[in-house]
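Alright, structures below, take your time with them.
In the two complexes that follow, subunit A is the common piece, with subunit B as its partner first and subunit C second.
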Partner chain A sequence: MTSNRYRDILKHGAIWAFILVELTFFSIAGEYLSVSDKAFMDFDNMLLLLKQSAPIGIIALGMTIIMINGNIDLSVGATYALSAIVLLDSMTWPALQAMGDWAIPLAWGLALLTGAILGAINGLIVWKTGVDAFIVTLGSMLGYRGLVFMINGEQPTSHLNWTLVDFAEAQFLGLHTASWFLLTAALVLWLMMTRTVHGRNAYAIGNNREAAVNAGIRVGPHMMWNFVLIGFLAALSAVVFYSESGSVNPNDGMLFELWAITAVVLGGTKLTGGYGSIISTLGGVIAIQLLRKGLGHIGAATETVNLVIGLILIAVLLLDRQLNLKGKQELKI
Partner chain B sequence: MSESIPVLRLENIVKTFPGVRALDDVSLSVLPGEVHALMGENGAGKSTLMKVLGGIHAPDSGRILIAEEPSVMTSPQHAKARGVVFIHQELSLADELSVAENIFLGELPLKSFGRVDWKTLYDDTDAILKTLNVGFNARTLVGDLSIANQQMVEIGRALTVDPRAVIFDEPTASLTDAEKVVLFKVIADLQAKGVGIIYISHRMEEIFKITDRITVLRDGQYRGTLNTAETNEDEVTQLMIGRSLDLSRNVSHHEMGDVALEVRGLTCGKMFTDVTFAVRKGEVLGFYGLVGAGRTEIAETLFGLRTPSAGKILLEGQEVQINSPIDAIRHGISLVPEDRKNQGLVLGMNCRDNMTLPQVGDLTAGPFVSDGAEIAIFDQYRDKLDIRTPGWRQIAGNLSGGNQQKIVIGKWLSMRPKVLIVDEPTRGIDVGSKSEIHNLIRELAAQGYAVIVISSEMPEVLHVSDRIIAMFSGRVMREFTSEEVTEDTLVQAISGISADKVA
Partner chain C sequence: MTGMTKQRIGNILAKQGILIAFAVFMIGFAIANQRFIAIDNISGVIRSSAILGVMALGVTFVVIGGNFDLSVGSMMSFSTIVVLDLHDKLGPALAIPAMFGLTMALGAFIGFLVGYMKLNSLIVTLGMLSAIHGLTLTWSGGKNMDIADKAGTWFSVFGQGRILGVPVPILIFAGLAIFFTVVLMKTPFGRKVYAVGGNGQAATFSGIPRARIVFLTYVISAFCVATAGLLQASRSLGSQNTVGQGMELQVLAAVILGGASLMGGSGTIFKTVIGVLILGFIQNGLLLMGLAFYVQYVVTWGIIILAVWLDVAAKRGRLWSPTA
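After this line comes the complex of A and B, so read on.
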């Protein structure tokens, strides 16, 4: 029993321990190797880090839920780009321009709706056809990206609204707007997964779909709702980011799906479903961003960053496997 | 055949895992030409002992002797090279490969440049298949074979070497009676060749039919070896669980209420035809028949997992439409499925969440699930069903089979069903917990629940049922009351012999 609990703490706390190791390492290494003379653990630096985690982070939160549910969504990067285009393009429409600053909430709403609809399409196909979510979203990833190029051509879509930029760059209680969105989304989704019926059923479906069906759970609608949710979150990530940057390239958001999955897996959520946590994903997101920033801080070339993250991901999964194997062996007795 | 030298001897094996002494000074010897049963409850140490023999676990102390020669096993392959082969309960075959490729997997005969010598492969395989007396050849795809024939392929694998000892681990778990006969013939052939056989099974019937000696383990300790001819089921059971198991006929008589569920002319494609029966409140109705007789399919139809092609289902006299488990649950029909781990439980979830799963939607306070309401339900049924777990946080996958089954039963009882269907209530559950589940079923009936029990074990059906329906090939052959039923008439009914005198 005690060893069980010990292992649980180890598994849930591992990502935070890893973040501490990173912080320590980069702080010490930074003393000797840093290209700037600012300390790594500078408060402003950490706030910025949180803000920079937001775009992938918000998507990764949704991905956690999708993966706990036993699915995967590869189309989030394309959904992100398409929602961003809707956001920026809609503000140039005469009808919206006539509304002055009231165009902003409307444009946000349209972009978020776009994301939710794209997610709903994925969810509906997965639900009604029974085709594996990997295949369905691989298809929609290509399809949605195709739409981006059809609308945009090779050109960026740009529109700067200074009211919007001010809002996006604002700091409230020290935290940037993007950070607030990340943390609020994490809190809401954490409550949803741990405390609501929908969250409970999502875990059950991911862990044992047949048993869930036998308990009278409507599997399809739960999966559908989660796809709507991740579409919405991909769009939320887009509106938060592009409100500030004001320009979207047709290739934006590419590989976001893989970064999101990396963060989720690093946080300990299982690819097979039924197990995972929103808070640990938040840890995974922060750990990756720390690594990028830290390696930059000590003057490592940007090319090495991906190599290091890749190696760490594999090492983490290897460790997880060892822990699980050990657990299973004890169980069999 | 030198009777005196055992083909295989395990001597004073000790194996500990962190916190547990899994094997404590266990010895076992197998003579040539002997079928030696290894028995014990789940967790008694049978699998650990076999893993030590197969080189998967290294023993802390003790020796393994093959033909009186001390050996250190490092892997199942290594054991096989020494003539000790394992035939596992779970088949590990590649469906898309031929029988020959499966049998010689990893040891395919080769020609130059690593090319497979197909001719030798097929010839060798056919030679092995001939000794097994099977009706398929080396080129058949394994995926096209029945489970029983796949098991033959698994046995064929053991015969690629000249085995000294063969270990059968629950080989009959998924076989029909006819298929068992074939398996026993193969075992007898091996025996005649002087091969020593370790036979692991929970089924007493088989043990007494084919084995020469029985070694019993309990809690990792050696409890004794008996000559099969000189002992009986009671003695073996007592060694296994420390007391005897009550499997007497059901004689209890209590008041029965109105008809809870009635089924008229229910038909589902080729699965079952024209099934009619009724079950009263306070009654246990047993369904007995061979695997494939359509019993589980009837349960699945009543639970909304299959759509009937004809017939009516009436609940308390009202006709109902059941198109999904959601409908069934709403109408008060619950199913404790046959395959607990895959169909009944969410193994990765804790006990409480498993128990409240179908009704968690009704246990909310505002947007959130009410912890208190859930724990109250869990506590109530933990006490009522005597579920032994350290607490509700325990992951269901970590519980013993008996306690898992109680969680599934508690899950439905807490929703106050009108009809409780229990499919194979004690499959994979150790002897000690079996009688607890049996008592529980009787007790539920006494409390006024209508219970349907489906079982492949005759003593179990006889022990718990007030009435028994015998099925054969998708049809109801005969209905018995507990007073009139005899083992002979029951066996006749389920093998289709009494087909002309349908009740």
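After this line comes the complex of A and C, so read on.
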């Protein structure tokens, strides 16, 4: 029993311990290697880091829920791009332009609605056809990207609205707007997963779907709701980011699904479902961004970032396997 | 009686659905545009599908063995960059085997992790996608790679040459497809791949060395990726670092379209080839109809889901999922 608790603490704490190691390493190494005079742990630098983690971070939160539920979503990058286009394009419609700054909440609403609908389409197909979520979202990753091009054409779409840019660049209590959205989303989702029936059922379905069905849990609506949620979050990520940048390229968001999954796995969530936590994912997202920034800080070539992140992901998997093996000798073959 | 007939029609649709769909598409496109069935158009489509196709052959082994390989796109970029770089440094005769060796070493590393260390293949190959991309960028310094003397090298024969009028990429693709069909169908190794993917536990109990079989499927996949990299490099004689980006999912789409189950244990080389050709001909057919290239994305989406849905529906005997 105690060894179990010890293992649990080790698992939940691992990502935060890793972040501490990163901070220490880059601070010390930065003293010798960095070309900048600023310390790595500079407060403003850390605030910026949180802001930069937001786009992938918000998506990764949704991916955590999808994976706890035992599914996966490969279409988030395309959903992100499509929502961004709806956001920027809708503000140029005459009807919205006539509304002045009131167009902003409407454009946000339209973009978020787009994301939720795209998620709902995925969820409905997974639910009603019984085709594996991996295949369904692999298909819609292509399909949604096609829609992006059909709506937008091949040229980038730009629309800068200065009220919107001011809002996106604002700092409230020190944190940037994007950071607020990331942290608020994390808080709400954490409450949802730990304090509500839906959260509990999502864990149950991911852990043992058959048992969940036998216990009278309706699997379909829960899955559906989770897909709507991740679509919404991908759109939220897009509106937060593109409110500031104001320009979207039809290829934007490619490979986001893989980055988000990497962050989620780094946070310790199981691909097989039933296990994971929102807070740990937040840790995973921050750890990756810290690595990017840190390697840049000590003057390592940016190319090495991908290499290091990939190898860390595999190392985490190896470690996790060792930890699990100690507890219950290998049962699965 | 009608129930039986319905069941049988369902079975035929599920088993041969992909061939029927292929035929329908070909006839439809041929009626829409005569040029579609011209010999040089067909040969052009197969030729440009060859790179994706060769990669799909290797991934078919991995998928039948019950695993994923998401690293093939990134690995293809690696082998393309490496062979182009070594071409000018060592000469083509040494560059090609060196590139095959390096790429297959990467495949062996993945095979070791998934086979012997029993790690989740989706995450391992996801990690390797990123790691190999970093490796490629480090190798090239982030710059595009070009062969200095493009006109004077025989290296271009693999991607651009013809033997008896047939483009070499088609010959390589067809040759490998036949060879791997024989390996999969006629050798003990092939049967073991099916056994391991179909029921890993049962396979282990009947004395099949599961770890080694899985390991070998990844080495085969890496060999195919190296071949694809050779074709790509030889065709363009220069390349960006991201030439294979996103191809892992296209390859997977082709393999799934061919009817291989992601749970492992089923799929054939022949059907994968059909899957590759369907993707290639749809792209070509839509372009000939004057539609933009991205329309094929949406069409492919529909086809993938319909194909797998039909398959799943036939297996459970009803169209809609019973999930409440």
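By definition in this document, the second predicted complex is superposed on the first by the 329 of 333 C-alpha atoms of A that agree within 3 Å, B and C clash if a C-alpha of one lies under 4 Å from a C-alpha of the other, contacts with A are read in each partner's own complex, and residues count from 1 in each chain.
In this section, contacts are C-beta pairs under 8 Å (C-beta built on N, C-alpha and C of every residue); 3 or more make two chains touch, one makes a residue touch a chain.
Just so you know, these numbers come straight off a predicted model, no measurement behind them.
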{"item": "Greater subunit A contact set [subunit C / subunit B]", "value": "C"}
{"item": "Contacts of A:A170 with subunit B and subunit C, given as first, second, both or neither", "value": "neither"}
{"item": "Contacts of A:L191 with subunit B and subunit C, given as first, second, both or neither", "value": "first"}
{"item": "Which of subunit B and subunit C A:M254 touches, first, second, both or neither", "value": "second"}
{"item": "First (subunit B), second (subunit C), both or neither touched by A:N207", "value": "first"}
{"item": "Partner chain in contact with A:R218 - subunit B first, subunit C second, else both or neither", "value": "both"}
{"item": "Subunit B versus subunit C as contact partner of A:V21, first or second or both or neither", "value": "neither"}
{"item": "Partner chain in contact with A:A301 - subunit B first, subunit C second, else both or neither", "value": "second"}
{"item": "Residues on subunit A lying within both footprints (that of subunit B and that of subunit C)", "value": "213, 218, 333"}
{"item": "Complex interface listing, subunit C residues touching subunit A", "value": "70, 113, 117-120, 122-124, 126-135, 137-138, 141-142, 200-201, 204, 210, 245-246, 249, 252-253, 256, 262, 292, 294-302, 304-305, 308-309, 312-313, 316, 320-324"}
{"item": "Residue numbers on subunit A that touch subunit B, as the complex places them", "value": "1, 3, 191, 195-197, 200-201, 203-204, 207-208, 210-218, 274-275, 329-333"}
{"item": "Partner subunit A, residues of subunit B touching it in the complex", "value": "17-20, 22, 43, 47-48, 303, 305, 324-326, 328-330, 335, 337, 342-349, 353, 357-358, 360-361, 364, 367-369, 390, 397-398, 411"}
{"item": "Complex contact set, residues of subunit A against subunit C", "value": "74, 125, 127-132, 134-136, 138-150, 154, 213, 218-220, 254-255, 258, 261-262, 265, 271, 301-314, 317-318, 321, 333"}
